[in-house]
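Below are two complexes that have subunit A in common, paired first with subunit B and then with subunit C.
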Partner chain A sequence: MTDTSRRNFLRGAALAGAGAAVGGRAMAQTPDPAITELPPWQQYLGEGVDAAPYGMPSQYETHVVRRNVPWLTADATSSVNFTPLHELDGIITPNGLCFERHHGGVAEVDPAEYRLMINGLVDTPLVFDLQDLMRFPRENRIHFLECAANSGMEWRGAQLNGCQFTHGMIHNVMYTGVPLRLLLEEAGVKTAGTWLLAEGADASAMTRSIPMEKALDDCLVAFKMNGEMLRPEQGYPVRLVVPGWEGNMWVKWLRRIEVGDQPWHHREETSKYTDLFPDGQARRFTWEMDAKSVITNPSPQAPITHGPGRMVLSGVAWSGRGTIPRVDVTLDGGNSWVQARMSGPSFDKSMHRFYHEFDWDGRPLLLQSRAHDSTGYVQPTKDMLREIRGENSIYHNNGIQTWAVNEQGVAENVEVSS
Partner chain B sequence: MTDTSRRNFLRGAALAGAGAAVGGRAMAQTPDPAITELPPWQQYLGEGVDAAPYGMPSQYETHVVRRNVPWLTADATSSVNFTPLHELDGIITPNGLCFERHHGGVAEVDPAEYRLMINGLVDTPLVFDLQDLMRFPRENRIHFLECAANSGMEWRGAQLNGCQFTHGMIHNVMYTGVPLRLLLEEAGVKTAGTWLLAEGADASAMTRSIPMEKALDDCLVAFKMNGEMLRPEQGYPVRLVVPGWEGNMWVKWLRRIEVGDQPWHHREETSKYTDLFPDGQARRFTWEMDAKSVITNPSPQAPITHGPGRMVLSGVAWSGRGTIPRVDVTLDGGNSWVQARMSGPSFDKSMHRFYHEFDWDGRPLLLQSRAHDSTGYVQPTKDMLREIRGENSIYHNNGIQTWAVNEQGVAENVEVSS
Partner chain C sequence: SHEGGYGLGRPALDEEIAAWDIDIRPDGQGLPRGEGDVWTGEELFVAQCAMCHGDFGEGAGRWPQLALGTGTLTSNDPVKTVGSYWPYLSTVWDYVHRAMPFGNAQSLSDDEVYAITAYILYLNEIVEDDFVLSSDSFAEVEMPNAGAFYMDDRAETELPEFSREVCMENCKEDVKITMRARVLDVTPEGGDDAENA
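Moving on, here comes the complex of A and B:
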């Protein structure tokens, strides 16, 4: 049996319901020098443990990096580097690949000089150094962080060709930190204290207003991500974690928390991070990130290269309001939907991984995914969003993404009417 | 109120049951230049996103690395680099800090040339390339991997001064891979096939016998860890995941799986990875890693530097037989035990994080932790293990670890009789 005839046989078996019959070549019929001969790397001693005190990815994975879109923002210090979602799997984003977005470049904070102040409407204004913070009880939680501008270029139609660029302003890591509630209790919030201002120690002095209710609910003052200290571009040594809410509020290099009795209306919550509606009015305070999903494989940067037959479609979904119990996928632009298979742990306000295994007949595909969150909310189409919000928005685009896949397996960012 | 008097006041408050009263200096009384003056990193634009396509830890964290013990094995290619457990938190080990142990150095496998063969007692011997494997349904699971020799030096008494060296042959990551069961089903295991041999493509051609029951239960043929491709030292591009079982069986650079009807009794399961008893007999096939725990902070590499008052004790626990619902800690060498606080997700055969917050009176401590697993098994003392197994063992030491902390907060590896 030749390679081809076996593959066809296996595809036939799969279609008849035999399940996972996809691959591997029968060996007797196809002697493979990669197996019958000893591979080169088995013929010499490899490098020892002295090589890498802090390990790095394989030399064959140098294409797996964060990438930016040079024209997207004014300059490098105010730009964004996107997570290569199409190269990842599971739900953990490795720290080195977490997207980064700065407004004044990466602050180089000396941890010995780090201080966090709590002031304003409190009984006792307090200053904490890093060690002070580490003497409070800690929690460990996995949460996604999504920039409000993720998919923002897509409001006016398909723009960027790759899920790294359309959806890569998100990462999902395990945080270790102190509940903000404990620090506020330590300072003693006065009765009138209903808002707080979080301020960063970078050159932009990023500031955002956060309602006290959220601060006391599930915010963390975090110093570790995926086990190790925060990365510089993620706010080393301390950032605010505001689960489920837009990333800009997760103030990095956290320097100060002021308690007040009303929001501050600073630049990043008025001029920016608001939603401009068709009538010219802007909606403020769209904090919670609505349920969203995207197919990461196949996608424009990750075409189908193995030809027809069984294949694995994969993607991620998340919601700022809870978990993702269900994701639907369509292969035909929404005419028919099937429920995807969820795999891996499901946490509150965390990324979820889904798969759909199917037998590709080699004909063009129009791929979409649609997330359902634990509140019953269903991810809308882009057209549904535009109907209400027009095309002037920049932020909070959680519309359904479409990839068109042609007979060669090449995928492209396209719009379909809905 | 001075710094010192406030600290004493707060400690008093904590002792009286006021809870988390630990830190922060009242600001009005102690103006802090780090707060009253703008820090240097807020006065210039930081580096932009071009700086690091693949991000790295802060320049202030260069001490957080894997370390080896030069005299421990014959040479660098057969040595071990330990995870810095005392620098980590939560339950995820970042890929760059996962301990590594090789027997022929790191194989540099070209993924385009990678092949996995399944042969022996199967209906159809098969060869898979990397893309073939990725066309099977995948699973995502977090598991610990512990070397059987972890804590091995401690059989003869306290030896190595630091949990990185006594307990650092463990890591805990999220794996993405294909259930081995699916590949075996694809080849069709003959009725007589009750064992398999996993072989690595490194210079040592590492081989281990694994019973079919385990292979069909929960083994994965994994290609990703914490979202990205396996690191070279962890078996890039493919390793076997054998949840809960000793690390040596998790064959890296997985090249071949042979199905047979009995174990192979190769070197690494006879001369090595067996347990030598006092009567000279060796126990084979101690696969499951018994429940174990260690206090990571404070510990010899992580002394108490903040003086008396409230503090956070932290550690990790795991079991090859299930989850860890409970960890006890003692501050006085076992006279009295208290239940630690578990924090973070609890997965089957995964690392668990525990904390114990207490008020340190500045007197010496004898710290121990004791894990209970979901089967009811309780971690034994080292003396209990030695009573049965003597002191000739190298592997499978899951005895309770003791750190002695003196008045200055300095911690040391010690033995206490039990």
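Moving on, here comes the complex of A and C:
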């Protein structure tokens, strides 16, 4: 079969709406210079081992970066940027690509001057330096950190065109740290101590109230991410890890933990991170991040460029209440669903990777993914959430995302009828 | 360190705790002695705050609006300010003291924070112009929206609803696109790395 007739065959198959595998391979007419010509990297020596003491990605990957949306906030120092989810695979976010959310810019804390204080309703208020913290028994755990406002711009409808912008206020890394429980035990929590106030050392002096049960359960005082010390923008040298709970509570540059007998109701849990409902009332202390997923490829920033035929759909899913045993995928806007293939490790309150391989016939697609978590919770549609919460709750939008893919493979952020 | 621990860390000194433990609670715990009146607060606000928050707390540009907005919480465009939304006065004192002015945090004296807080209350029509906010008068102030917050109730209102069997086949008769992001066209251009360099 000649190349021309093959193309006609493919086009004919697409027009006929054949869902069957089109299979086969493209045929080369002329020899490929990528094979027949000697490339410089095969002829000349490359850089030596002394060229890059701390390596960076390939020069061809410079587009894989965090991006911000200037109109979202008044100032870049109290703002957010976005993880390029559409360029990543697996479940681990590279440290340099982990989204940032600061309220007073990046604090550059000198580790020699780092101190952590525990005070309040404890037997002995204590001060630790970094070396003290590193002498406690450590744990390694992989957890997602999702900003409570992730997808918040999408409450009123499709707004930003790309999963980096609609879903990229999230990262998933391995944390190394000390269980917060051990530090509290060292100070000795008094019986009346039922709440903690975690406070940061940055210019916003970030504070959040955390119930004691969570602190004693699975919180970590972490100093490493993906094996190396925390990045400055992620709280160097020490941050709080609050698995499954909204990112705001993961206080960075952690300098103090106070034990008290009631919550503090500080700015970040009254003015912010409270969820307004249509009746004018607001939920407070909405800590858990519910089960959520998004298809990262294809997506608006990652169109299908290879034409019809065999393709890989991929995405990520996570839940603040457990693991993700199952993700469903639809190609037709929710009329029919198939179970995606989960791949890679499944950790509690961690990102999970899913794939769905299929033969694309070249017709338009309406792609959605629907996460199921280990509690039996199923990711709702945006309309199901709006039915309960209205459109002005800002935070905790875990509604199902739709991408419309056209015949050219270009994807767009859309909403569809329910 | 206490018995049974690892013997790590050292006891915090009272001066150290006093330097860092600046948090204020709704019941007034943590409030230092001091006071400030509305008109002293106005002078301080104009000098230190108005360039971002406006002379009357109306907000300049995209900076936060601090005053008014009462009655908007049920509208399509809620204006959440100290007066219309914030449940506790302690939060105003605490936050202004710990984090404002933006870029020069913890530069205000206790009396200055009392005065600025009094002025913000006045801008929100919560107190009269002769009001003096102090550690004693603090408890008299009633915040209009204090009763409008309730504990996360997703366990009752959402989790059962969202934990049902799902439809897998023939779930929708007709699927229509109802909204497109491209129509808005507010996404930063992906190809232009200059602005993100």
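Throughout what follows, the second predicted complex is superposed on the first by the 387 of 418 C-alpha atoms of A that agree within 3 Å, B and C clash if a C-alpha of one lies under 4 Å from a C-alpha of the other, contacts with A are read in each partner's own complex, and residues count from 1 in each chain.
Keep in mind that, in the parts below, a contact is a pair of C-beta atoms (placed from the backbone, for glycine too) under 8 Å apart; a residue touches a chain by one contact, two chains touch by 3 or more.
Because the structure is a prediction, the values reported are computed rather than measured.
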| item | value |
| --- | --- |
| First (subunit B), second (subunit C), both or neither touched by A:145 | neither |
| Contacts of A:336 with subunit B and subunit C, given as first, second, both or neither | second |
| Subunit B versus subunit C as contact partner of A:107, first or second or both or neither | first |
| Contacts of A:66 with subunit B and subunit C, given as first, second, both or neither | both |
| First, second, both or neither for A:280, with subunit B first and subunit C second | second |
| Which of subunit B and subunit C A:205 touches, first, second, both or neither | both |
| Subunit B versus subunit C as contact partner of A:316, first or second or both or neither | neither |
| Which superposed partner A:135 touches (first subunit B, second subunit C, both, neither) | both |
| Which of subunit B and subunit C A:182 touches, first, second, both or neither | both |
| Footprint overlap on subunit A, where subunit B in one structure and subunit C in the other make contact | 65-68, 75, 77-78, 104, 117-119, 124-128, 132, 135-136, 182, 185-187, 203, 205, 255-256 |
| Residue numbers on subunit C that touch subunit A, as the complex places them | 1-2, 4-6, 8-12, 16-17, 20-27, 52, 61-64, 73-74, 76, 78, 80, 82, 85-88, 90-91, 94-95, 98-99, 102-103, 105-106, 148-154, 157-159, 161-164, 166-172, 174-182, 184, 186-188, 190-191, 193, 195-196 |
| Contacting residues of subunit A [partner subunit C, same complex] | 62-63, 65-71, 73-75, 77-78, 103-104, 117-120, 123-128, 132, 135-136, 157-162, 165, 182, 185-188, 197, 199, 203-205, 207, 255-256, 258, 260, 262, 264-267, 270-271, 274, 276, 278-288, 290, 300-301, 328, 332-338, 366, 370, 372, 375-380, 384, 388, 391-392, 404, 412-418 |
